[in-house]
């Protein structure tokens, strides 16, 4: 009982393992599944669990940002793309076997190198004391916001001159990224529209008809006859003499 | 007879195209030959004092007595009558046009008699003529898409014909 | 239609390529009224053309008419426009009376005005309710039916039935109105006048309803006449034509001595006739027409129906006074096997949905030689194809709903 | 809570305590969702009945038919869960759970009263919006997995609508966050304690406008009332959940009702004072006011001493009053949504989109700019004019903080002072010259 | 439950590395254009993981990147959104002109 009690003190560690397993497991899901829609769904779950890892690392703001912008925005865009193109034969496209063998060899070796590096450096794997109090105290939403607007509140006391005045914030990159986003999205929207008529239906497609219908309506001038009449209707034949009584 | 302004105009314009004008009937009607029907309709639609711009209904009446006794008593021989009820919104006048056509095209059973279509004159005639073709079996020449409107497309026979026999079954469903 | 070349500058660019598909809307789709089937050619959002398929409710009532006498065919007229069965019976009775040159006593005439105008109110209430249902709001439907139930109770007192009455027959009506009926009718009218402004706020002046219907399915007067549309659909496009005013002698004499005005916007000014009629204390000022409404669009057709209800209320009030002034024979029905002369007669009456025409050819026997019913919804529906070209999928219920079609009448 | 459990079972800081504490919190929130859904379905029937001049359910279980939802539930559970053969089995089955999980997860960071919250998340507002954004996946998956082109239409339309309405929603939420200087919902709620003029909605005309726009975008984001394109019965035959039946279908509805509640609860916290009622009972009645707002010692659940530490009755009652207050406001929000649903026809998809892009986004932007200007120019707000004293926190970042490296910020004493009279940064003057006089309003020590 | 000691930066690096490799392999093997895009997303997330690991005060109280790590992670997320938009625009354009999304068949350079 005691052993378990000790193990559980580090709930941080247990959640880490949970989220890491999800992230890597669904990553494999993305890799192995043939159906492109399933791949998209696994990717959503994998990125969701990485957001969980960010929360565990104390980066709350980035975690929420990842959930909202990355998963809620980018992947929705991706799924829209999947929906529009995943028709008939493009859903299940399996890769050829020799690609698989080559990819696993290269991937595996790269992974080994990286893992060795990760665990090699002694400084990185020093265990820390992770009690609850520690987690609570790291509130960075406000300093993060301020840092983006140029005032580095958290490095006020450092010795370096520029840093001392807390002026080494991220105002410049912040502005550049916003302008960059604007330009990119406008470009993407412009590029995404098709230039030519939809080939499948030539001029019978609905938009072409709509266009022609509108043109006809303007050209054909509707002569409005006024229908104001006084007397009652009766057969035209039994009126003998004058036209109107 | 010819003192009625409309009839006078029609006579001058179409001569013997206008066969006769019946004034004693409850709704006076003018009988017209099929050949001259479309011009008459166009004229009636544009004529200054009349302007029959709405075609209320197109009906086909089948004159045929199936049992010989009654057939003998009647003075007309079997024929079809296509009746056009017109009315004018502008002048609030009404008119009935009639066209007499043989029951089958030059006597051959199964060939539908033909009447030129007035769908170009009034757009509403499009559906009325399709219904007349569907129920009474009259082939309207020049109709944009003449196919059955009320009965299923593969139905044989025209129900409103006097000599119409209900088919025994339709797609396996017993009718009688 | 001019053919479209690829490098034609007027070609509008399309966004992502979508494949055209044929979509079946109906015959059991919730928003089509009864068993109407619309085959849409659409790419998901924009509909390129619509083709209505009819005949799902076709019983060939005209063939049956050739085996029944005039009075025996009355129940078939009920089942044509089952939401306004009274007006159908009236149409058939008038044609037979025209053929027999049968004149109706004074009391019978006023009785017919009361009953047909009440039938019009009931039918327009259903039209308003189902149109609200098409556009997604459920509440007007229940408000409309709550009032309609009261009218049906009155009809039940008069003739025992609630939907297919067979009450007005050639020669008058099967029975006179029970005593006290006119008082309960007056009481209903008094209550109904309070409800009308409520119904207006529910739909007519509701900003979402206006944005869904104004400027949609615009039909010019010329097109309406060309396609044979009649009734509120025709008057919605500004054509001043109401058979109660401009109909045949025999029909318009029924409305002799009544003061009412035809609801139709004046094409130039787009204004409706002022409601000079004093209405539960203050005169009911019609809600004003929204900016984006164009003459001949769905909103105007709906608006014409709502105002016609006010005129019908006015007519019924006058008819009750005139009815109570007369006494004696209310017009007993003609003999069951009344011989029909060797003549033919055609008569159109102003049914709630448009001009309902009946054509009878007699051959001396009591069973007519040929019977023909010209239905108003049949022609009104024929307008959907040209109107629904190039519109959004969500507008189709709006347009078909504004035409207020009943399948029983179309398929006969 | 965990220590309370240890206290009873005699263990010291055992893992069992932690799990039980977590379970208690989870079940409490589950109740809000499940019982809420039950209540809302019954309310929907009753309210739509009243609007349509009829009675609504009166027979099932007593006069007011309050067991009606149970009957619905049983019916739905009894119904067979049909999966269309064209459907993509796995995605079809998982879609409703994704939706429910998303809207349920948002409850973690929603504070029901001052200390009564699942998990203190500093960026609570951002977290709730992010999680609500995930609900769109359940719609897309349901639409795609049902195989039929009708449900695909519904899914694509609704996904486009929900994603595009997140933009104005986010902009409206930024206004209260900016005024209170923190994203922590508990602090935002505490800022609005005291008389109702302290509510942010009356702060200045721009926040008033933002509150209204927030509510409209929230209704659209949750797919209710005039914006419910997905189940536009009249065109697309019940949109994306056409193929669902039985329990799965009811899960979709549970998700919809729970996200409706979250959105209106968020509205009440951000704009309408959250757990703090119009008349501050907890402050006036001396017995109840023992628990100062935002005081770390008095936090519930997760803190070490736990809710029932010293059996401080006054504290408990004031928390309970706070919780009921918030639930009632959430209920009012949901009622308004139902009221709108039953009195308006539905908008077309392009009208919904134009309304979002042409009306909601610009208005939200104006609201934001106006509120910023109002703050910057320090114009009189409702609370400063006739406001009663309210909880005021003050965040001070000075150089000497970081010297000892322990990052212990000075806890601004949660004394209730009327705002704006201590704007002279009294404490800031005494600090060394390399202080960055950033007076940023920050929450207590959560 | 093996005892892996307290969670340290190297564990985060390991997860980041595996995500990175998964993304790379996915980009290499997928024939569907959108599959490649998903691979790119995984790679970017792997990189983000490292930034957060070094930047978090919880894992390395002293000598950590401080806020810079998280700020760069923010920028990565935002730029990934922009990149995904452009990539999808290209993919849809390609789909509309060549009626296929298969990567192998994208060999001509025109149009």
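For reference, chains read A, B, C, D and E in written order, and residue numbers begin at 1 within each chain.
Here is the rule we go by: a residue touches a chain if its C-beta (ideal position, glycine included) is under 8 Å from a C-beta of that chain, and two chains touch if they have at least 3 such contacts.
Since this is a predicted model, take the numbers as computed values, not measurements.
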Using each chain's Cα centroid, which is most distant from the centroid of chain E? B
Contact tally winner between A-D and B-C is A-D
Calculate how many whole Å lie between the centre of chain A and the centre of chain E, each centre taken as the average of the chain's C-alpha atoms. 13
Centre to centre, by mean C-alpha position, how many angstrom separate chain B and chain D? 71
Rounded to the nearest Å, the gap between Cα centres of chain D and chain E is 32
Using mean CA coordinates as chain centres, what's the gap between chain A and chain B in Å? 66
Shared interface positions of chain E, touching two or more other chains: 92, 96
Would you give the residues of chain B that are in contact with at least 2 other chains, written as numbers and ranges? 27, 87, 89, 92, 94, 96
Do you know which chain C residues sit against two or more other chains? 16-17, 239, 241, 246, 248
In the complex formed with chain C, which residues of chain D make contact? 48, 51-54, 149, 153, 226, 228, 232-237, 342-351
Under the stated contact criterion, what part of chain A meets chain E in this complex? 7, 10, 12-14, 16-17, 20, 23-24, 27-28, 30-31, 36, 39-40, 43, 46-47, 50, 53-54, 56-59, 61-62, 65-66, 69-70, 73-75, 77-78, 80-82, 84-85, 90, 93-95, 99-100, 102-104, 106-107, 110-111, 114-115, 117-119, 121, 124-130, 134-135, 138, 140, 143-144, 147-148, 152, 154-155, 170, 173, 177, 180-181, 184-185, 187-189, 191-192, 194
So in the complex, which bits of chain C are touching chain D? 21, 23, 29-31, 44-45, 132-139, 142-143, 146, 202-203, 206, 208-209, 211-212, 392-397
Contacting residues of chain E [partner chain A, same complex]: 1, 3-15, 17-26, 28-35, 37-39, 41-42, 45, 48-49, 52-53, 55-61, 66-67, 69-71, 73-75, 77-86, 88-93, 95-97, 100-102
Sort out for me which residues of chain A touch chain D in the complex. 4-5, 7-9, 11, 35, 37-38, 41, 44, 48, 60-61, 64-65, 67-68, 71-73, 75-76, 79-80, 83, 136-137, 139-143, 146, 151, 153-158, 164-166
